[in-house]
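In this document, chain identifiers A, B, C and D correspond to the written order of the chains, with residue numbering beginning at 1 in each.
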Amino acid sequence: MSHNSFGHVFRVTTWGESHGPAIGCVVDGVPPGLRLSEPDIQTWLDRRKPGSSRFVTQRREPDQVEILSGVFDGRTTGTPVSLMIRNQDARSRDYSAIKNLFRPGHADYTYWKKYGLRDYRGGGRASARETACRVAAGGIARKILGRGVRIRGAMVQMGELAVDRSRWSWAETGRNPFWCPDSRIAKTWESYLDEVRREGNSIGAVIEIVASGVPAGLGAPVYGKLDSDLAGALMGINAVKGVEIGAGFGAAALTGEANADEMRMQDGEVGFLSNHAGGILGGISTGQDVVVRFAVKPTSSIATPRRTVTTRGRDADIATRGRHDPCVGIRGVPVGEAMVACVLADHLLRHRAQCG
Amino acid sequence: MSHNSFGHVFRVTTWGESHGPAIGCVVDGVPPGLRLSEPDIQTWLDRRKPGSSRFVTQRREPDQVEILSGVFDGRTTGTPVSLMIRNQDARSRDYSAIKNLFRPGHADYTYWKKYGLRDYRGGGRASARETACRVAAGGIARKILGRGVRIRGAMVQMGELAVDRSRWSWAETGRNPFWCPDSRIAKTWESYLDEVRREGNSIGAVIEIVASGVPAGLGAPVYGKLDSDLAGALMGINAVKGVEIGAGFGAAALTGEANADEMRMQDGEVGFLSNHAGGILGGISTGQDVVVRFAVKPTSSIATPRRTVTTRGRDADIATRGRHDPCVGIRGVPVGEAMVACVLADHLLRHRAQCG
Amino acid sequence: MSHNSFGHVFRVTTWGESHGPAIGCVVDGVPPGLRLSEPDIQTWLDRRKPGSSRFVTQRREPDQVEILSGVFDGRTTGTPVSLMIRNQDARSRDYSAIKNLFRPGHADYTYWKKYGLRDYRGGGRASARETACRVAAGGIARKILGRGVRIRGAMVQMGELAVDRSRWSWAETGRNPFWCPDSRIAKTWESYLDEVRREGNSIGAVIEIVASGVPAGLGAPVYGKLDSDLAGALMGINAVKGVEIGAGFGAAALTGEANADEMRMQDGEVGFLSNHAGGILGGISTGQDVVVRFAVKPTSSIATPRRTVTTRGRDADIATRGRHDPCVGIRGVPVGEAMVACVLADHLLRHRAQCG
Amino acid sequence: MSHNSFGHVFRVTTWGESHGPAIGCVVDGVPPGLRLSEPDIQTWLDRRKPGSSRFVTQRREPDQVEILSGVFDGRTTGTPVSLMIRNQDARSRDYSAIKNLFRPGHADYTYWKKYGLRDYRGGGRASARETACRVAAGGIARKILGRGVRIRGAMVQMGELAVDRSRWSWAETGRNPFWCPDSRIAKTWESYLDEVRREGNSIGAVIEIVASGVPAGLGAPVYGKLDSDLAGALMGINAVKGVEIGAGFGAAALTGEANADEMRMQDGEVGFLSNHAGGILGGISTGQDVVVRFAVKPTSSIATPRRTVTTRGRDADIATRGRHDPCVGIRGVPVGEAMVACVLADHLLRHRAQCG
């Protein structure tokens, strides 16, 4: 049991607070002999980095990763890979005003109830900064999965504005600041989010992650189900309030007839005629695309004053003035990809353990 | 690591196939000195039992639980509680016809790809029968949580037909075969499901579980998050395709202003003015109701012929004639309650471990 | 975390008390497709069975194992294998006299301090009866290891009487009631133990387990060390007070020069010229024989009255009259073999997970 | 499952190689609110530090620990405590000569067989340098145990020279470079070890750790036994080949009559008249001193040439010239204390989890 680890054979343990000297993670169970160097990981971190557009927090963090162990002569050795990212732009003064206040929607109150004290600087351990470690670990997970497995994410809804799936282009996700696959709605989002930001408000989002090339057979029948682990991993990302796989909540409205993913032999291979299952049946991958979606709530730190109480039990009002994301879902895309990569890498190794 | 266990301090390991001699579970980590006897568990099993109305499978299973260990003189001893339920009405002949066919929507194909062989009788390990063990374990979990914590479930949507929340009555959930809290829609569902059943079709559903009286402070900041564990536990129930907490996917469409659960002192206690968070902030319980929902896909076993392939790679058609639930979501209600109970009991003990 | 499980990929969870209806275990992580039926397991249980000679407890237990899950058409399916052994000759009346007494050397006092109550019948969970489950699980572990790995145990010391290693014969271990490899000392032990038994006394022993054919590379550099796991597994057997590997405690008295297991190429293979390491270097198997020894204390239940106290805090005397082993070490041999088999099987699968 | 972690609620994950930039550990599950700062940990590290006498390696490492997370305003926050120790005197040139040779008694051959490659510089991950992290974690474990629990270690045998227990003085252990409790034998050891060192040879040792003030009730009946976990933890220290508890291997030669720790009420408390059990019965602490011993083999790196083979399969000779300990057991004392502290802290929290 560990409250700060995830995965089993491929096992990641993260540490660090928003305003401490550094954050980091220990990645255990990495197979030996994989080529790995800092740029392999940095490339993924750069996608999550603060300050990359006016729509994400302006905190200036280069998020430069250092490999401290587990790699020798450019290859993994099979021993734990320790990664560290120093915190550089930690302006603790921003937070002293909220030392004795519980920010609605944040973990302030719950930490205080659980632990009796809290590191209030920038959310401490609850800061979305911790997700940089997940992205770093995800970079290693992708190495384990190899080039045959491709994991891509997209934002498919901002507020009430959803993408038009008939216009989906993966290439487009790299051309706008929202990882949006629909160039037309991306324009709309841009002006919409500018308005949200000017108002000092924030907005929620839905992210979709698609993993292609996942071999059939990953997962397990009961509690080690691939979908169960994906759901846990994605719900564990900061601000996530819902997770669905394949048809997801839409499946509730379907009949068995409509929902069935019928099968036919295609060029000598088993083929599916649809993918309502999202690539997972009975907790085990089918070989189709694994398709998951998760809902991210609007950033809780907003400029509009909200009612709250103090640590001493007095009513108060609060308005947050720190540097925050108007739509924290944007940075959720690389984090979601990373979590999917970690879960798949773990299940690949777990499958190999039992089934050879 | 175990593929067939869940929980950490309160840890449940289940075993058994639909058509073997029995199914069962080992419940480890139960605190000593709790009063426990078979009726304490049977009462919950009876809620999940097959054959209780024309809307659930007509398989006749008394689902009588036996306690084989861990209880002495009517009290738990702190050693593992082993529970066993014998399979009685296992008509294996029903399944021989599908021995070499992959039923769409079932785990047949994925088991075969993973393990190279499968127990095809009644779905084997993938049968919803396994969930009886979860319900049994949930009965023990409720004992640990004590009377202060109340966990109740309701079906809130069948197909496209959702309940009217203004008509919500918990008492009503015990008066209809659907655990439906809205007596008016329950009538509609009845005739709707009769039609679905007559057609040999099936339909999906959404279930909501509410846990009241959960103390603030359960959960952990990062990977041991209460919401993460709930999502994993619920997504791990057979046929579940989506999980959400509090406002859930609806949170994506909210602004930060609307989503904030503001706080005010109320009679000397910290009070929240709303519960979009579903009782969990930063992975830790707030003391409000914990509110989770999950979507259950329509039963995959239907009478309408569907296209599939054989284990030898030939195209075929299949129509299932076994005894199945037209809306498997109905029996998902007690299972969902049990999983929430197990997760909460585990987190109660985990919290006590670290924080005393 | 589980207090009643061991292993990670190959994971065994046991349950049951000496005088409950049954004992059993759930064996998870078994690779699919292995031939397995009850006789495969029974053969090992018969070696540990009570009543097989006058030197072991006269309790009459057929120790008949039932496979309740995880096997279909004579092969493992990859799902949990549930094994159950019914208790038949549980004479609870033997124990009522000691209900309020703590037997010295037994777990009575510590259970009572830990849990506040205890199942006093026959030691409850602390009974050596639990080890039948380990032997059963060990039978499955041997299937996983395959015929190339051979695990054999012998008693090498009874009281102060050690075997003469120059007379070691594995064949001999099957010909006397002590698993003794030295036929001459076996005779001496026989008369010695008769005397111990007549006096109502008991005596300790040392057991040695040798695993041949273990491939090099099993284990891990730091906490997942093969020797660490073997030590934990063997020290976890009832009544064991010491564990050593290779030269063991004798290594303390050696110089580096004498202790070095030098290496030379032999027929194109790396060969070792000695095996002080007991087949493990840096936590990882070398390919040589894995050699472990463990010390078993004398049975604590003896006829001589011993001083003790009651649960109400009064001084008292106690003499045990139940049916016990004068040298519990004898039955420790098949148990030790089983634990070594389980640890090796787990490490084989763990190695495969990370290293392919 | 993690190959580089130990403990469950109090869980330590270490990382790092002898000649990488740093080593470190992540300590999870630390209760909140404990006073903790770097000197609290440094005080224990200084006891293990290289270069403290002519009898330990002359590598110059200040072993200065940095706390990177989990502490705020001088108190633990309940989030992971990340500790880092930079490697400073890593003379990699010392090791290039042995790049293609397997040093007998070291993990060189087994790493190479397991992983197919190895970081040969100073033993890489297999270096005793890793144990600094254990000592650091042990410092935190002691904080959790509180002042009521006292853990002390002593070397009780060097080569064939054992201490005279009638002369035991804990105070003496701090006055000689061997943690020896017998001032007379300490003098003998000094001249003996000088000779061993001059010869370029090395020698084994036995260490004893005594934990006083451990409350009754820690541990568990079956696989979570306190003695099982202690054995695993101590056998997991580099170079350890044997572990025993209480009477240990000596118990094999005792009768049940002699071995029984009889009980009597003493001043209204349950008292034991002896401690052959070493403070643990049935896997659970009795409240007496917990007494464990472990055997450390002689340092494998010696100046005398030994026969070996190369990575290319050629016979060769090797003599190690690096800076090594003539008796690595000396530095094993603080490491053994730390491991006992970690196991006890974990069991204290685990007990609290289940039993409140």
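We adopt the following convention: a residue touches a chain if its C-beta (ideal position, glycine included) is under 8 Å from a C-beta of that chain, and two chains touch if they have at least 3 such contacts.
Quick caveat: nothing in here was measured; it's all calculated off a predicted structure.
Q: Out of curiosity, which chains are bumping into both chain A and chain B?
A: Where chain A and chain B share a partner, that partner set is C, D.
Q: Taking each chain's centre as the mean of its CA atoms, which one is most distant from chain C?
A: Result for max centroid distance from chain C is chain A.
Q: If you tally the C-beta contacts, which comes out ahead, C-D or B-C?
A: Spelling it out, more C-beta pairs touch across C-D than across the other pair.
Q: Per the centroid of Cα atoms for each chain, what is the distance between chain B and chain C, given in Å?
A: For chain B versus chain C, the centre distance works out to 39 Å.
Q: Taking each chain's centre as the mean position of its Cα atoms, how many Å separate chain B from chain D?
A: Measuring from centre to centre gives 46 Å for this pair.
Q: Centre to centre, by mean C-alpha position, how many angstrom separate chain C and chain D?
A: The mean C-alpha positions of chain C and chain D differ by 26 Å.
Q: Hey, what residues on chain A touch two or more of the other chains?
A: Residue numbers touching two or more other chains: 1-5, 8-9, 14, 29, 32, 78-79, 114-116, 125, 221-222, 350, 354-355.
Q: Is the way these chains touch best called a line, a ring, a star, complete, or other?
A: Complete.
Q: Which positions of chain B touch chain D when the two form their complex?
A: 1, 9, 29-32, 78-79, 221-222, 349-350, 352-356
Q: Which residues, counting only chain B, touch chain C once they are in their complex?
A: 1-5, 8-9, 11, 13-17, 20-24, 26, 28-29, 32-33, 66, 68-70, 72-73, 75, 77-82, 84, 111, 114-119, 121, 124-125
Q: Which residues of chain C touch chain D in the complex?
A: Interface residues on chain C, with respect to chain D: 1-6, 8-9, 14, 102, 104-107, 109-111, 113-116, 125-126, 130, 157-160, 196, 201-206, 216-225, 227-236, 238, 240-265, 268, 270, 273, 276-278, 280-287, 295-302, 304, 306-309, 313-315, 329, 350-351, 354-355.
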